[in-house]
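Across the two complexes that follow, subunit A remains constant while its partner is subunit B and subsequently subunit C.
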Partner chain A sequence: MEMVIILKSYLIFVMAIMVLYAVRHFIFTLNRFISKQRIYYQDIVDSELPSISVLIPMHNEERVAANILDLLIATDFPGSKLEILPINDHSTDKTMEILDGYASRYPYLKPVHRHEGRRGKPAALNDALKLARGEVVVVFDADYLPPKGILRDIAVSFKDPEVGAVMGRVIPENTQRNLLTRLIDLERSGGYQVDQQARYNLRLIPQYGGTVGGFRREVVSSLGGFEPNILAEDTELTFKLLINGWKVVYANRVECYEEAPEHWNVRARQIRRWARGHSQVMFRYLLPLLRTPHLSALEKLDGLLLLLIYTIPFLLLTGIVDSLSLFFLGEMQIIQATAVFLFVAAFNTFGNFASFYQIGTASLLDGATQRIRLLPLLLFNFLFNMWHVSLGFMDAVIDLVTRRKTLWHKTVRFREAKKDR
Partner chain B sequence: MKDIIFYHRAYRRASIRGKYLFLEFIFLLLPLLITILFLYPEITFLINRFAKSILLSSLPTADIEIIRKSYMFSSVYILGLNGKYPSVMLSFSLFLFSLLSISLTPMTKIPRPIVAWVIFVSSINLISSIFFVLSPSIFPYDIENFSEFYIKTEVSIWLFVPILMGTTLLFIPSNILVRFSIVALTLLYSVVFGTLRYAVFLYILKKFSYIFMPLLFFAFGPLMDFTYMVGIYSLYCSIIARKRNNRAEIGVWRWS
Partner chain C sequence: MTFLFIFLVFFILLLIPFIPVVVELIRPRDALPLFIRMDYSKEPRYFGRSFKGILKNSVSADTSPGIREVKLSRNEKVEIARSRRIGIGENVDHILYIIGDLVSEDKARLNKEVYVTGDASIGSMNTLRAIACEGRLYLSSNVSIARWADAEGRVEAGDSCDLGINISSGNELRIGRGCKFKRLYGTPIITYSFEGLCPSNSLKEDIFEDIFFGVLKGLRPFMDSGNIDRQSTIRAVSDDAWIVDKDCMTVPPLTRVEGNLIVKKDLKVRNGCAIVGSIKTYGDLTLESGVRISGNVFSEGDIEIGEYSTIAGDIFSQGGITIKGKARIGSPGEIKSVIGKMRIRLGPDVIIYGYVMTEGSGIVQ
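So, the complex of A and B:
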């Protein structure tokens, strides 16, 4: 009997959490769709821009390295204030040769070759931070395709002395490749166009995403750089800055194209790594977040919900196991049918990275006419995401208990390598 | 050359007159909610009459009766009929089949999300088959219980459809009558879909035993209802998005 009470209590707890998140996402959607938008700093014209160092971590990136370097070279940022530091992180392919080829032609392009020490994005960034000279560090993943004015747009936000980091909008460029890339495009759209912008509007917690973004070099260095064992260095930096009184801003106008994973197995590894890293950050920063005097109660609540976001699929999974147990114990009749439906509906609402109405609204704002029709197909993603995110969460729990060393798994690239470099 | 240049997508927003929102919300919700609250006993009766006729046409010897049960402010109707426990052979076969599906599907080239669904469905069947192999007699439900549970859940879904669809369509900038029609259409679809599914579920339970009851509820129950709601929402959004990209719709967006 006690077991049944525990199981029922847990089910009600999960339902309450789901409803809370559904309401949160609804508020974000509403805010983004009809409220006055908080505009980023891109309209400020100032010739006194801070100097910047562009860091591009690369591990075996021969397929994409030339694309991003060509585009960065073509940006309109003043050359005297720009340095580009591609980080060759233990590559075994032709990444090193490609970088050295560019370095011989462009003096402000200074490759950092790492053959020793720990591999992975946080460790690579830490090494490059020691060499960087710019006031602001801008980071791109190697598969990104930065447009001409993006560095200026990112740098200008740092004219505001309170800004510690800025994040731009990520858009998949290979959307038409297959169903997976189309579904990722939908999720990205909901996550940036609505979620991030609404959090920026509401002065909550926009998240620095580790690419298409920048931060103040000295501030981050003084805060100890990145923890090499954490697989979500972006989330860690977000909370580290916020807890220490810095602001993170979101630039919806600063768009950059990325290559979305084209294979389900690659996607599985990617979201598992995100979930693991994000949960590592949660375990480390949950209490400091609640204790910091630099954030309002609402910001702390948003930060808490943001930190817990990769825990939810695990709660859902255990909620399903819980409800199956109750079913076989003959207790499903006792729970109100409404509640059961709410549970199912709510978890489907939240089951993917963004709620369906959030994605629909984002697509509408983007002027997309076709991709919205794929929304019901996110149902296919639902179990897939829940399983792999839950695995990532469990990885983080084991990391916490055993203090084991983590290994960075790079996302596989699909683009054909550029021939003429 | 572009014929028309809209505001950039980054900071545009819909031009909605806020003072009418509450009235629109009431209009989208209230008539349909009241209709369901008044008519749900009759609708559940019709559903059961339909399901009974379907079952009798395929299982003429079945002893089926429509039973009245009190629910919320009034009552609902359910079907009373005898079911059967699965044979040991059926339970064991399902056990083996589920086990093989769980083990082998991940090794195939089937897309991972479909593999995840196969594993989900097979896991439910696996648990169910183990239960019925070990102790079928303590299975706590019969078809009448399932019917009651299904019908009550359906009533909740019908009440939930106007709330969910009304709330999500409230801010979609289009004619209120059209939006009301979409909500009403979704509700109608829900009733029709729920009726057909009910007949199929009862047929499966009657014909193949209780062993599939967990699967029917957990995999093909309310989760499926949510899918068509999202489908209708997405189709409507797509039509609105197309309309808003026309010159005539230039005034629909506001800046900042």
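So, the complex of A and C:
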């Protein structure tokens, strides 16, 4: 009998959490539809821009390295204030030769070759931070395709004395490849066009995403750089900055193409790594977040919900197991009125990563209304995410308990390598 | 039987949302990636330069006078003339390509774009769609521009003009009283003066030359100002930045602040203060007269800049910006910006080195 009460209580708890996230997503969606929008700083024209170092972590990136380097060389950022530091992180393919080839032609392109020490993005960034000379560090993943004016648009945000980091918008360039890439495209739209912009509008916590973004070099160095064992260095940086009084801003018009994973197993590994890293950050920064004097109560609430976001699928998964157990025990009669409300509301959160209404609204704002016909398929995508996020969360719990060393799994690339470099 | 029927209805209803899915998967109508313009680069004079490039390419080497059809974004009639005078009330419904000077008399309507290789003088109460000019551009009073105007040389707009969505100059941009605007660009932008036009040599002075080395010495340091309760309201986030939580903070007259000041509510900076750093406020920001700031000014609320104030950096507001008479923004040889989301009001004899932009309404008062 006691077990049944525990199961029922847990089910109500899970549904209440779901409702909380549903309300959060709904507020964000309404904000994008009907509220005053804050503008980003891209309209500022300034002849005095901070110097920048562009860091591109690369582990076996021969397929994509030339694309991003060519585009960065073609940007309109003043050459005298720009250095590009591609980081060859223990590559065993032709990445090193490609980078050295570019370095011989462009003196401001200075490859960092890492053959020793720990592999992985955080460790690679730490090494490059020691060599970088720019006031601002801009980071791109190797598969990204930065447009001509993007460095200027990122750099200008640091005119605001409070900004510690800035995040741009990621758009998949291979959407038409298959069903997975189309679903990822929908998730990305909801996540950036609605979720990030609404958090920026509401002066909550937009998240630095580790690519298409930048941060103040000296600030991050003084805060100790990146923890090599954490697999979500971007989330870690976001909370480290916030807790120490800096802000992260979101730039919706600073758009950059990425290559979305084209295979479900690659996507599964990517999601699992994100969930694991994000949960590691949650364990480390939850209490400091609540204690910091630099954030308002609303910011703390948003930060809390953001930190917990990769915990929710695990809670929901266990909630489903819980409800099945109660069903087969014949104990589904919970407090009736409350349950009806919670069931309906919780149903609406199905897929809390990028709820249907956020994605629908994002597609509308992007003027891409036909693609929302795929929305029902997000149901299956959510089930897929829920499983792999739950595995990632469990990984993080084991990391916390055992203090084991993590290993960075690079996302596989699918693009054909550029021939004429 | 009833159970089977209910199950069937449920199953059909469950499948209905997947019909559009199947249609989209079989015949994709929206599978391409969202468009990013990869060659986009911020250019305050984009309209004029882009139009000139397109028109010159289309007309090519044949610039003999006459009207001809030219393929631009679509087929357009283009009149090529050595110089042109547009009469009172004349209506021109084709593109003008003037190799020389253009003069229009009052109340003319130029309903298509105009390109002038020399100078252009636009009469009072004219209506223009857009004009690009290699020389100087003079707009008489009450001229209305629907789209944009750009000139390599100096641009002067008389009183009460509607300056469209963008007006820019490769040189000085002078604007009269009552002019409405969205975007301005000039090196510098100068608003009308009650004392006549500003002599050009006065613009060459370095407006910040002695502020932080001479005047600063006579000002009282911020932390000695008496009315600041440092313990309860100010937190240092780094060696050169403070965060202030107080509801409304006032920096007393003739005070110097060395460092960035981030105020979570309203901030008033009294007469004659100097800030060696930048300011960010979550509420409204009021700078009284004669305030000098070496850095940038950012605000979530409205910004009011007092007379004779000088700001070396950019000004950015999510609300409105009012710049009162004789204020100076930026300095010669540099480009700075004044961005006010909701509105911008410029007083007389204001000089801004660079760019002004608002999504709302801009007016010279």
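The working rule: the second predicted complex is superposed on the first by the 405 of 421 C-alpha atoms of A that agree within 3 Å, B and C clash if a C-alpha of one lies under 4 Å from a C-alpha of the other, contacts with A are read in each partner's own complex, and residues count from 1 in each chain.
Operating definition for what follows: contacts are C-beta pairs under 8 Å (C-beta built on N, C-alpha and C of every residue); 3 or more make two chains touch, one makes a residue touch a chain.
For clarity, every value in this text was computed on a predicted model and none was experimentally measured.
Student: With everything superposed onto subunit A, say whether subunit B and subunit C fit together or clash.
Tutor: Once subunit A is superposed (C-alpha atoms), there is a clash between subunit B and subunit C.
Student: Applying the document's definition of touch, where does A:Leu324 land relative to subunit B and subunit C: first, second, both, or neither?
Tutor: first
Student: Once the structures are superposed on A, label A:Gln370 by its partner contacts, choosing first (subunit B), second (subunit C), both or neither.
Tutor: A:Gln370: touches subunit B and subunit C.
Student: Scan A:Ile6 for contacts with subunit B and subunit C and give back first, second, both or neither.
Tutor: In the superposed model, A:Ile6 contacts neither subunit B nor subunit C.
Student: Quick one: is A:Leu290 in contact with subunit B, with subunit C, with both, or with neither? Answer first, second, both or neither.
Tutor: A:Leu290 sits against neither subunit B nor subunit C.
Student: Does subunit B (first) or subunit C (second) touch A:Asn381, or do both, or does neither?
Tutor: A:Asn381 sits against subunit B, while subunit C stays out of touch.
Student: Could you look at A:Ile398 and tell me whether it touches subunit B, subunit C, both or neither (first, second, both, neither)?
Tutor: Neither partner.
Student: Just to be sure I read the superposition right, which of the two partners does A:Ala16 touch: subunit B = first, subunit C = second, or both, or neither?
Tutor: neither
Student: Classify the contacts of A:Ile39 with the two partner chains as first (subunit B alone), second (subunit C alone), both, or neither.
Tutor: Both subunit B and subunit C are touched by A:Ile39.
Student: To test your reading of the overlay: subunit C has the stretches 1-9, 19-27, 307-315 or 325-333, and exactly one clashes with subunit B. Name it.
Tutor: The listed stretch with clashing C-alpha atoms is 1-9.
Student: Following superposition on chain A, which residues of subunit A contact subunit B and also contact subunit C?
Tutor: Of subunit A, residues 39, 179, 255, 366, 368-370, 373-376 contact subunit B in one complex and subunit C in the other.
Student: In the complex of these two chains, what residues of subunit A are touching subunit C?
Tutor: Its residues touching subunit C are 38-39, 41-48, 71, 76, 145, 147-149, 152-153, 159-162, 171-176, 179, 182, 185, 189, 203, 219, 222, 244-246, 255-257, 293-294, 366, 368-371, 373-377.
Student: Please name which positions on subunit A make contact with subunit B in the complex.
Tutor: On the subunit A side, the touching residues are 26, 29-30, 32-37, 39-40, 169, 179, 193, 197, 252-253, 255, 264-265, 267-268, 320, 323-324, 327-330, 332-333, 337-338, 340-342, 344-345, 348-349, 356-357, 360-361, 363-370, 372-376, 378-381, 383-384, 387.
Student: Contact residues on subunit B for subunit A in the complex?
Tutor: The contact residues of subunit B facing subunit A are 6, 8-14, 16, 18, 111-114, 116-117, 120, 124, 127, 131, 139-141, 145, 148-149, 152-153, 155-157, 159-160, 164, 167-168, 171-172, 214, 217-218, 221-223, 226-228, 230-231, 233-235, 237-238, 240-242, 244-245, 256.
Student: Tell me, which parts of subunit C touch subunit A in their complex?
Tutor: 17-18, 20-21, 23-25, 28-34, 36-42, 44, 185, 235, 237-238, 241, 243, 260, 262, 277-280, 282, 295-296, 298, 300, 313-314, 316, 318, 334-337, 339, 341, 354-355, 357, 359
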